[in-house]
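Next up: the structures, one after another.
Each of the next two complexes has subunit A plus one other chain: subunit B in the first, subunit C in the second.
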Partner chain A sequence: MAMYQSKYFFKLLEFQWERTKAYPIRLIISLSWVIFGFIPQFFFWYIIAQSTNTLPYTTKEIILYFLFSMGLFYNLNQINQYFNTIARGEVVTSVIKPMSLTANYFSIFFSTIFINKLPNLIIITIIGCFIVGITSSILAAIFFLFGLILGCTFFVCFFLLMFWMRNNWGVKWGIDILILFASGTWIPLDILPKFWGGLLLNLPFQLMFYTPAKIFLGQITPTFWLILQYVFWIIILYIIARILEYYGLKYYEQLGG
Partner chain B sequence: MQSEQYWRVFKKSLKASFLTALEYRADFYSSIIIQIIYFIIQFLFFSIIFSHITILKGWGLGDLLFLIFLNDVGLTLFEVTGIRGMYYLVITGQLNTKLVKPKDTFFLIALEELSINSIFFAICDIILLFFVATYFSLSMSFLPFIVGLILYVISLPLLVLPIMFIETLSFFWGETEGLLGIYHSMIFSIKEYPLSIFNKFFIILFSILSPGILLHLFLPAAIILGKIDPVWGLWGILASIAFDIIGIYLFYKFFKYGLKKYEGYG
Partner chain C sequence: MSDKIKVISVKNISKSFRVPKKPKSTLKKIANLFVKAKKKKQIIKDLSFDIYKGDIVGYIGENGSGKSTTIKMLTGIYPPSSGKITCLGKNPFEQRIDYVKDIGVVFGNKSLLNQDIAPIYSIELQAAIYDIPEKLAKKKINQFAKKLQVEKLLKTPVRKLSLGERMKFEIIASLLHNPKIIFLDEPTIGLDVIARERMIQFLKTVNEKEKTTIFLTTHNMDDIEEICNKIIILDYGKKVYDGNLKELKEIYANWKRITIVYNEKYNPFCDRDLEIIEKTDNVIVFKAPNKKLEEYLNKITNCFEIIDLKIEEPTLKEIVKRIYADGYVPK
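Moving on to the complex of A and B:
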């Protein structure tokens, strides 16, 4: 079964890549999107870093931090089209044995976001090689991918909750904000007050952007313990997803089935 | 007679949207709660920033929050209409259902899936504006306030006209979603900060790309808060009126041309 699932996963990756090649203009648009979103952040944080010396970052570091997090940030918008699949009844086409719904969703989410972010990841890694060094850049890219696996597993759990919540866009928007804030994309977590910073640093979201961004800056050295944290949270979220899938499919009614 | 018919269609659409919102109550309530949480997070975010600095290019914490909530009102009200989904109707061929004579197609598109939630979000923004103005004791004079407010209302079309042009572009090109994303990304990033934080090159660039950035997202708040002479506001009002008339005329011509080229109905 694992063999079948991994085959499906790589087929999806290949399909996403082919689709991207078919629409090359989307790549340019995607990059321009990042640039236009990044410019205001650049000026904002540049002025702040110039005006104070109480931040635990130099001007260069804070700019690089936001280059990394803004350039690679992903949210549920990129997989919006799958959000309604349960409410609309389209999920039945994904419940095909021996594939689990969790594996199916994960493969779709990961391949979509990964291929979408691949050009940005390559560009940021190359820029990083010249500014922060080859080791930090490549390690940050690897940990970003670990974070992406974690993020997609979390998205799967959230999407499976739609068996009970139907198409609740309010909650979806809340999750977007939560990820934006708790992952350190909006603001580096070590700038936050002690209580909030301490709380968010103990949640898995920080592993999605904050940790890879700090590795990018060379402020965190990856250890075996850090990898274990990723593995731990991925396993926990996977188990939650499987439980949700089991009870969700039991609860689900489609065409009287 | 014609206007009566339009009014009746508008009322029916509004009622249908209210009934939909009531049917999905969980979605409605959670959206409002999340909106409030979002405000709290924004407040927290800028409070943290202002614990490191005292002033940002002449703008204090209260000024900045006022700017953000003011800018949110207009954009949120635009979100009420169905124009935001026009490109989707065009590329999927669903626009066919809107080609019902003698009704104006654009009018019917604007009424597609009216977002009632957005009206409540705009009300939340207005309440927060009053809260920020009171809590931070922002000083406002009568004349600048009126000038800023008029400019704010008149210049709103300038901010949304580019969206409408890009949406209409979908009659000729199927990849407009990305362009919309770029414009949204630009607007939603810039609306959080005063334009004065950018250097001259970017101020000019943004103002050329969309005059609404200067005339809607910056000048009204700056005039109301007394950071810019209200005389500039009067010039802004004149410029907005001129741009509005030209922009809306060109848009309508472009839309009609696009409609002629539309082949969704065979």
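Moving on to the complex of A and C:
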């Protein structure tokens, strides 16, 4: 079964690459987002870093932090097209495939975002090699990918909720904000007030950006324990996804196709 | 019959959907904002049939009679509300992942292909899902594409293909893994005469070569006449006919079509007690019961100055039209 799906998975990467090539403009837009997103963030944090010395980051560190998180951030936008498939009944073309919806949509989400972010990841890793050193840079890239697996498992859970929510824009928007905030993409979690920082550091979302970014800065050294945390949350989210899938498909009959 | 292998067995299934109910009183309207009132709508009523290996089944019925709903139950997308479905010895809904490896499904209105890129990529992806070795998959795709005469279009983005061309690729994508049963929900919808014929012939060769069972819904009676050896007619969720085409024709063909072209009508009241199907300027089509054929012919020849006369068996279309209208099959 595992072999079976890994073949599909690699073919899917190729497939997504073809899709990206069909619209190269999307890749350019994605890259320019990084630049435009980065500039205001940079000035904002630059001013803060200059005007206060309570920040646990130097100016250089804060720039690197945002280079990493703004360059690689992803949200539901990139996979939004797949979220309509339940409301539009197109999900049946996935139901007739010999794999769980969880596995199928995970592979689709992961490959879409991975191909979309690959150019940025390569650029950032190469830049990082010169600035923060090869080890930190490559470890950060690896942990970013672990985080992407986690993020996509979360997206699958959320996607499966669409069986009940039917493509609700408000909720999707809320989830985007939650992820960007709770993962530390917008604000490094350790400069938040104690209560919030502490709370978010115990949720899985921080593993998506905050932890890889800190590894990038060399402020966290990856341990076996850290990897276990990823594995733990991926398994938990996977189980939730399978439960949602089971009940979602049962519920789906009432909505038809 | 007994030496045949049963591949689909449907026993007394019914299916109801819960549909929103319109609230009547104001109070109920307010309550409806929070909890939507639902009522049951029964779509399939006590349906049973068996299908054997190698059958080509035409599943027909009016719009909204529950054909697509049946296909969705047979392909494991949702279970029946009651009753039992066994396909290839499995329960389609409960053993979905195992079961769908052995079936192919084409929905005329839902695409397996990605619109942005060439069909070859979607088809190869499909091959990977079913674990078909890459070389074999490539060979098969080319072979199928050649047969359906679309090999030159394999690299054209799907959104630039015509409906018929796209349909052909859908069929290729769903046949790669040699499914034991193929379900096709209106595969010939929107196809031109030639494209339709080619597709029907292609399905026929697949059926002959691989003994694949084919289950298709269609509104085109020519499809049925050309390939189906069994037809099931559904009338608002109830089965009204299940058997082969010949028998259906025998039951219903208890009348003949008499078409005449005439010069001038002798007596305006002459055709009063003759049943007429169609009447234009100088052409009349009569519906003559087999028993009264002689009587009809006598009257017609007496009443009209005939230029041309034709006696035919009723077409399947007419038979089906009558079944849809009456919803009843005499035995």
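Methods note: the second predicted complex is superposed on the first by the 246 of 257 C-alpha atoms of A that agree within 3 Å, B and C clash if a C-alpha of one lies under 4 Å from a C-alpha of the other, contacts with A are read in each partner's own complex, and residues count from 1 in each chain.
Going forward, a contact is a pair of C-beta atoms (placed from the backbone, for glycine too) under 8 Å apart; a residue touches a chain by one contact, two chains touch by 3 or more.
Keep in mind the model is a prediction, meaning the values are calculated, not measured.
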| item | value |
| --- | --- |
| Touching partner for A:Leu203 - first (subunit B), second (subunit C), both, neither | neither |
| Touched partner set for A:Ile243, first subunit B, second subunit C, both or neither | neither |
| Which superposed partner A:Thr54 touches (first subunit B, second subunit C, both, neither) | first |
| Subunit B versus subunit C as contact partner of A:Tyr23, first or second or both or neither | both |
| Dominant contact partner of subunit A by residue count, subunit C or subunit B | B |
| Which superposed partner A:Lys7 touches (first subunit B, second subunit C, both, neither) | second |
| Contacts of A:Val92 with subunit B and subunit C, given as first, second, both or neither | second |
| Interface residues of subunit A shared between complexes with subunit B and subunit C | 23 |
| Subunit A - residues contacting subunit C, complex | 3-4, 7-8, 10-12, 14-15, 18-19, 22-23, 89-90, 92-93, 95-100, 249, 252-254, 256-257 |
| Residues on subunit A engaged by subunit B in the complex (per definition of touch) | 23, 25-26, 29-30, 32-33, 36-37, 39-41, 43-44, 47-48, 51-52, 54-55, 165-171, 173-174, 177, 181, 186-187, 191-193, 196 |
| Contact set on subunit C toward subunit A in their complex | 17-18, 68-69, 72, 75-79, 96-98, 100-101, 103, 105, 107, 110-112, 114, 116-118, 121-122, 124-125, 128-131, 157 |
| Contact footprint of subunit A on subunit B as seen in their complex | 24, 26-34, 37-38, 41, 44-45, 48-49, 52-53, 56-57, 117, 175, 178-179, 181-182, 185-186, 189-190, 192-193, 197-199, 202 |
